[in-house]
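Next come two complexes built around chain A: one with chain B, the other with chain C.
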Partner chain A sequence: MFRLLKTESFKLSNKLKSWLGPLLIMVLVLIAFPLSIDISQYDLEKFYFSIIVVSLLMTSFVATEGMFEEDFEDGSLEQEFLIEKDFYKLVLSKIIVYVCLIGIPIAFIGALFSFANGVAIGSFAKVFLLLILSNLLLFNLFAFGNALSINKGAMLGVLSSLPLALPVIILLGRAIRSIQFGDGFSSIIALMFGLGLILSAMMPLIISAALKTHID
Partner chain B sequence: MLGWTWGLLFAPQDAVQGNSYRIIFLHVPSVIFAELVYFFMAICALMHLVWRVKLAAYLIKSAAPIGAMITFIGLFSGSIWGIPTWGTWWQWDARITSTLILFIMYLGILTLHGSFSNLEKADRLMSILVIIGVVNIPIIKKSVDWWSTLHQPASISVSGSTSIDPSMLYPLFISVIGLGFTLISLGILSSRSYILSREKNKKWALKHV
Partner chain C sequence: MTLVSAQNITYSINENKLFHNLSFGVNSGEGLHIKGGNGSGKSTLLRIILGITTPTKGLIKRCSEDLKISYLGHKNAIKNYLTPIENLELLFNDVEIKIAYEWLYKFNLSHVQDELAASLSFGQQKKLALIRVLAQSPELIVLDEPFVGLDQTAADQLNHFLEEQLSEGVGLIFTSHINPKISCKVLDLEAKNV
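For the complex of A and B:
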């Protein structure tokens, strides 16, 4: 597992486009949002969270777009299967590495930009935690979409995984409302954390089954 | 036809909604079957993945367009019903959104299967997606209880009492049964032609072409 984590973090950190692209998209959207609409500070605070949900969805999708494609095309997926006989560990390490190298910076950027958009400074930790958990959930789901489509293009990945991501967005919306109104945040975070654990345990199994079908 | 004729022409007017409620005889059966068709596909997907039953995958592929069509009818008729009752064509309400997700799911399944030239591989990937997507079915069913929605809660309950008058309930039941048989016939026809197209090189299939 440690070998896989090391390999995956090395591979991802060397692919500048894969990790820097989503971060830059996030920054771009969050800068463009207040500039593109003429609204008061009060409205900015109110609408900031909607834009963060959309940008989170976009960046998670962009980040995971080529998750398995390169490995599939250069044969390393097949090689990994010969060593491990399964993809569970590989998928799990990929998701952990993606969350650490892309998810955490995205959550930090989102939480940092929240001040500029009028959100109270005391909410930093809440926004940060919320965005990390959302990234964990979305990365798992989009990884599934990409494992199904592998090298068949982004549209197929979106069609396969977006329906599954929508319940997460609904949950995210609830959490955001609880930050805004200061009510029931911990219960929603606990729910998201539990869901994150279940998905992180189950999704690698399912993704592994999909990947095995591709190399059969 | 009997259910629709009874419902559209002979069932009494609703005290609050007037005649606009009559779309219930199309809307309710179609959304019931939108979910049932998916549930059927999920059972087939399980059979295909666990026991490698080839026919199960063929049935999923044949049922998916029917499911997509019936879900679209359910969404569209609901949208038409929304105008006189809610004053809007569309509302981002939990029940409506989760049904839209089901529609996208059907499209995803069809697109996924269509994008692979190796049909055995496509069958297996499609089955995996169908099983994962089944999580949406209880969400649709319970959405009116879990969230505060504009969509009304269930009026008909298997275990409890129903809030619909028998003069409207009977034609509704007949419409549900009628649509069920129509969809089964459609399913049989479509799966028959799909099985023949997939097995066209086999001896037994050549006899039927």
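For the complex of A and C:
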């Protein structure tokens, strides 16, 4: 597992486009969206979270697009299958590395922009935590979509898994309201954390089976 | 010791039998050359031996679940955005990487070790992929068309290295259109005999 974590983080950190692209998209949307609509500072404070939710969905979507495609194309998946006999550890490692190298910076950028747009400094940690957990859930779901259609263009699969992301968006909306009105935040975070753990344990099993079907 | 054996392997695609009731075994220090024309099922048979593809019928037995197998298929498993050294470091630990460096020198790739793999020629990429296979100190080597893309010198070198591996007790299964200079058994998929 440590070998895989080391390998995957080395690979991702050397693919500038894969990790920098989503971060730049996040920054671009967070800057461009408020500038492009005519709303007052007061309204912006209210609506800014919605912008973050949409950017988060978009960046997770882009970040996971090539998660397995390259390994499938160059034969690395077959090599990994010979070593590990399945893909559970590989998938888990990839999701962990993606969350650490892309998800956490995205969450930080999101929290920073929230603060810059009038959200109280006291809520910075809450927003940061919320965005990390959302990324964990979204990366799991989109990784599944990516694995489904790996030989037909990964974007198609990621698109097909988009409906699965809707409950995450609803939860995220609830959590944001709880930050704004200061009520029930911890229970929603606990729910998201639990869901994150379950998805992180189960999704690699399903994705592993999908990948095995593709290389068979 | 028999490293791997195939018993009555049959593989069908859409009810067309690619091969039927194939049985063979490979011992330590023994080579098996799988021959056959295009589409005769050479690569599929290799993938069945490796457990990547499931046969329609039959059984593949290995001497141990932990049998260390190195495989090179049609895809090189080389990351183009990394250098040859970095590609090897992905796979090997600090001790094994020293063996991999020696292989880089033997295959005459030392002078390009710090260039991106994308800038290497097809033959050089193939050599790098072969180094991945040979430096793993495997018990069984499985190669799909290993001579494709190699010049005569490199092909002779590979023949020599594979002979060396055989003499050290490593098992070898490979497909090739050309007749290699390696003393080994031949499985002809068109004649269906060993």
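In the analysis below, the second predicted complex is superposed on the first by the 211 of 216 C-alpha atoms of A that agree within 3 Å, B and C clash if a C-alpha of one lies under 4 Å from a C-alpha of the other, contacts with A are read in each partner's own complex, and residues count from 1 in each chain.
As a working rule, a residue touches a chain if its C-beta (ideal position, glycine included) is under 8 Å from a C-beta of that chain, and two chains touch if they have at least 3 such contacts.
Here the structure is a predicted model, which is why all the values come from computation and not from measurement.
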{"item": "First (chain B), second (chain C), both or neither touched by A:L162", "value": "first"}
{"item": "Partner chain in contact with A:D216 - chain B first, chain C second, else both or neither", "value": "both"}
{"item": "Partner chain(s) touched by A:S200 [first = chain B, second = chain C, both, neither]", "value": "neither"}
{"item": "Partner chain in contact with A:S114 - chain B first, chain C second, else both or neither", "value": "neither"}
{"item": "Partner chain(s) touched by A:N140 [first = chain B, second = chain C, both, neither]", "value": "neither"}
{"item": "Touched partner set for A:T7, first chain B, second chain C, both or neither", "value": "second"}
{"item": "Touched partner set for A:S149, first chain B, second chain C, both or neither", "value": "first"}
{"item": "Doubly contacted residues of chain A, that is, touched by chain B and again by chain C", "value": "216"}
{"item": "Contact footprint of chain C on chain A as seen in their complex", "value": "7, 10-11, 14-15, 70, 73-76, 78-79, 81-82, 85, 215-216"}
{"item": "Residues of chain C touching chain A in the complex", "value": "50-54, 69, 71, 73-82, 86, 89-90"}
{"item": "Chain A - residues contacting chain B, complex", "value": "144, 148-149, 152-153, 155-156, 159-160, 162-164, 166-167, 170, 206, 209-210, 213-214, 216"}
{"item": "Parts of chain B lying in touch with chain A, wherever the complex brings them together", "value": "49, 94, 97-98, 101-102, 104-105, 107-108, 111-112, 115-116, 121, 124-125, 128-129, 132-133, 135-136, 139"}
